[in-house]
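Below, chain A partners chain B and then partners chain C, in two separate complexes.
Let's look at the complex of A and B:
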């Protein structure tokens, strides 16, 4: 029932969950993850199909080191874009960030649809394959997730992570304590973009074809649902949310296409029924130190 | 040449009127709650589909009940009004499900962004299950408009009657709302709640009822927009309202969050800007609103007519 292909998708879901989690951990609702995912994927699709030096073979093969280079470049390009956009919007109140990130998703989608070299509505296809079987992608996705998860885990113990938590609890108080709130929020936003960009680069190869629909507003909704279900108090929450909510619709397929209704219900009811999501610091503590000591046990929204 | 220009301007103003409707819907809720109702786009879709069904339209082959339709068909003006009212009622439901529980718990109001987005997603996808993803076209011409000619010749330009209607109805709603807010007792009560809910309550104003009124009106404005666009263009699928909802957000920032005249001016500007995009670049038209949004954030974050942002401590 769960084959390697689905496992890769689940891991990509977990990665995108982390991408939404990072700004949220600093109290910023960003819906821009699909834009960065699309940018990373488009870059990888273009490079591997157009740039011969990367070593795509006539038979559709692709060297693994070139793939790693693309993951790096996809992450970097998304990060630079986030830096430019974030500088513009992060000094404003949270509501502007939510709106501006939606705008970014739409601009990127329309650009990929209309640019002369991205293949229009059909997109880019026959993207070369570094692995002949899904297990190779599985390994690669695990590697990415270990990197991103490790980063988030380290972050929770670092001054940057603590500053993010402080801003989330009370931005004004954090600023009064001398935290450079704009810089902290910008860092979280850029890291979020890099995770999404690299994931997009991997997904483009895995899916073999890439078009503007990969980064639509729908993806904002699904990835947000990952975080709401899993919880955004620790990084394990969005990972679990991403894994579960990617697998569930596939397993429910016989019921019919209720995927987005399900995700909508999670987003509508989650913040009311389970404000902290499935994985809470208190739960981790009960399970015996699987996560760090929570900085604060109060039930903040 | 003049005719083309006239046509373009009319297109722009008519489109702008609809954007103003959507943005006013956001503004009503924002001024009372300080948060944006992300379900607005879904209510826009709902208004379009309800107008279609009330006029006697049948569900297509991909819907849940192929071939089903309401018995009989109402004339367009009545169908539009009923659809707007029904969208307003669903707007109340959104308030009940997405905003009330958070308020009761005293949670961060920003969470309303998330829950209302969820409500919108559920609504649009239920519509998709019921009606299918296919597009629907309204009956055009004399039938739909109750005997009016399909097009009028004004100053040499041929102008579709439905477009004039679209312009008149949205202009009517857009002008009536500020007058109502300014001069009627209920409008003044609503503004008092927007200014300070606690003081308004002490003055004997029922804040909760005013809040519900804001959500009803906001949903009705969205439904009105959806019905008008559906009749004048078509219903290209349940997601069509989401696009208008998102562009309405750009209009909102352009005009200044919470400003009624700003929402109207922003809507008109956005409609005109889109109408002036040359047809060779029409694929980029959908990105224009969001490019303008970024320009506004860069140059004038408070919006064209917004108040200066003052953080309350």
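Let's look at the complex of A and C:
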């Protein structure tokens, strides 16, 4: 029932979940993930179809090192965009930040739709394939997820991650304790964009075609649902949420367009039934204390 | 009056000085050209009726609210334009009247957050888990445990801050402020909600901490007898104006203070002289 193709989509879902989680871990509700995903995907689609030096073959093949380069560039471009935009929008708090980031998603979508070189409504198609089988993409997606997940895991035990958690609890108090809140929020925002940008670059090749619809407001809502269902207190939450909610509609194919209703329901019912999401620090502690550093006097480096 | 007070205490340079500080919220003038200088090492009390502008003054000093006019000087340099985190790193830490802990973090983590801006190791060190990072982290934990010891919170180290009892939360907030390594500690009603025995303990604790950490303390407190005993000097605010400044003894007998607290009238004036 679950083939490799679906697994790749699930892993991409998990990556986008992490992208929404990162700013949220610093208390910032950003819905900009689809914008950065679209930017990464469009860059990869353009580079691989237009730039011969990357080595796309006539038969539609593509060298793997070039793909890796695109993942890097997609992440970097998204990161730079986040750095520029973040300085501006991260001054906003709460729902106002969410609205501003929705605007960013729309601006990027309309830009991709109307720019002379992005293929308009049809988009860019026949994107060359680095792998002939879905298993290659699966490996690549796993690699990306391991990188992003590893980063989030390290963050939780690092000053940066602790500062993010402090800002989530009380931004003013954090500032009064010497934490440069602007810098911490901006870092989380840029990391989030880089994860989304790289994921977009991989998705463009995997999907074979890329257009403006890939980064729409719908994706903002679905990716937010990943985090709400999975839980935003540890990075494992959005990963699980992304995997589950990407698989569900595929497994419930007959439901079709009701999918969005389903996501809406999750966003509505999630906080009621499981206020902290499926994966909470308490759950991890019961499962063997993987989530939190023990507060022991002895330190084991 | 203001100039005379400053001149009389100008033997040493003030650690913190606010000059002609004003703050306007729409039509309300919360602070009206208030000037105060705090000398290094002293415990300076700030009293006044509700709404007198005490907390507003704290917010202006710590950088949470921009002033409408006036200057904040730190060791003689203007810091009026600095954001709160920069002021904290200069050595200015505060607690909050209505307790603002990081409720989702453990007691220990609350202190670790406050300790980390002091140690300058890069994020790259942390990502790679370098030896330098582990050294800094170990040092932070040692300091955090010391502070927990000092404030009697050791047994609660692993508890989530949001689950603590009220008195423990008050002490944790002081520990967190101390963790930033301040030279000036701003305490906003630290005795609020404490019973008389706890108030006594707090009084002793503040004096103890001042000695051990070489602190200057600026304290807002409604419990005037406690403050009279604790403070070297005091200032009284009323409707955003500084109406008195001096030693507790001088404040006790200042007719304007008595008027602000008890209202004007022959009885009030009579008690002041009695």
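Note that in this section the second predicted complex is superposed on the first by the 290 of 301 C-alpha atoms of A that agree within 3 Å, B and C clash if a C-alpha of one lies under 4 Å from a C-alpha of the other, contacts with A are read in each partner's own complex, and residues count from 1 in each chain.
One rule holds for everything that comes next: a contact is a pair of C-beta atoms (placed from the backbone, for glycine too) under 8 Å apart; a residue touches a chain by one contact, two chains touch by 3 or more.
Since this is a predicted model, take the numbers as computed values, not measurements.
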Combined model on chain A: chain C and chain B, fit or clash: fit
Which of chain B and chain C A:172 touches, first, second, both or neither: both
Touching partner for A:250 - first (chain B), second (chain C), both, neither: neither
Chain B versus chain C as contact partner of A:160, first or second or both or neither: second
Chain B versus chain C as contact partner of A:285, first or second or both or neither: neither
First, second, both or neither for A:89, with chain B first and chain C second: first
Broader residue contact with chain A after superposition on the shared chain, chain B or chain C: B
Centroid geometry (CA): angle chain B/chain A/chain C, rounded to a multiple of 10 degrees: 80
Distance of closest approach, chain C and chain B, by C-alpha atoms in Å: 8
Residues on chain A lying within both footprints (that of chain B and that of chain C): 172, 301
Residues of chain B that touch chain A when the two form their complex: 35-36, 97-98, 101-102, 105, 107-108, 110-111, 113-115, 117-126, 129, 242, 246, 249-250, 252-253, 257, 283-284, 286-287, 289-291, 293-294, 297-298, 301, 309, 311, 313
Residues of chain C touching chain A in the complex: 62-64, 83-85, 88-89, 93-94, 96, 100-106, 108-109, 112-114, 116-118, 121, 123, 126-127, 129, 131, 133-134, 137-138, 141, 145, 157-158, 176-177, 179-180
For the chain A and chain C complex, residues of the former touching the latter: 151, 154, 158-160, 162-163, 165-166, 168-170, 172-181, 187, 233, 295, 297, 299, 301
Footprint of chain B on chain A - complex, ascending: 29, 85, 88-89, 92-96, 98-100, 102-104, 106-107, 110-111, 113-114, 172, 217, 221, 224-225, 228, 257-258, 260-261, 263-272, 275, 301
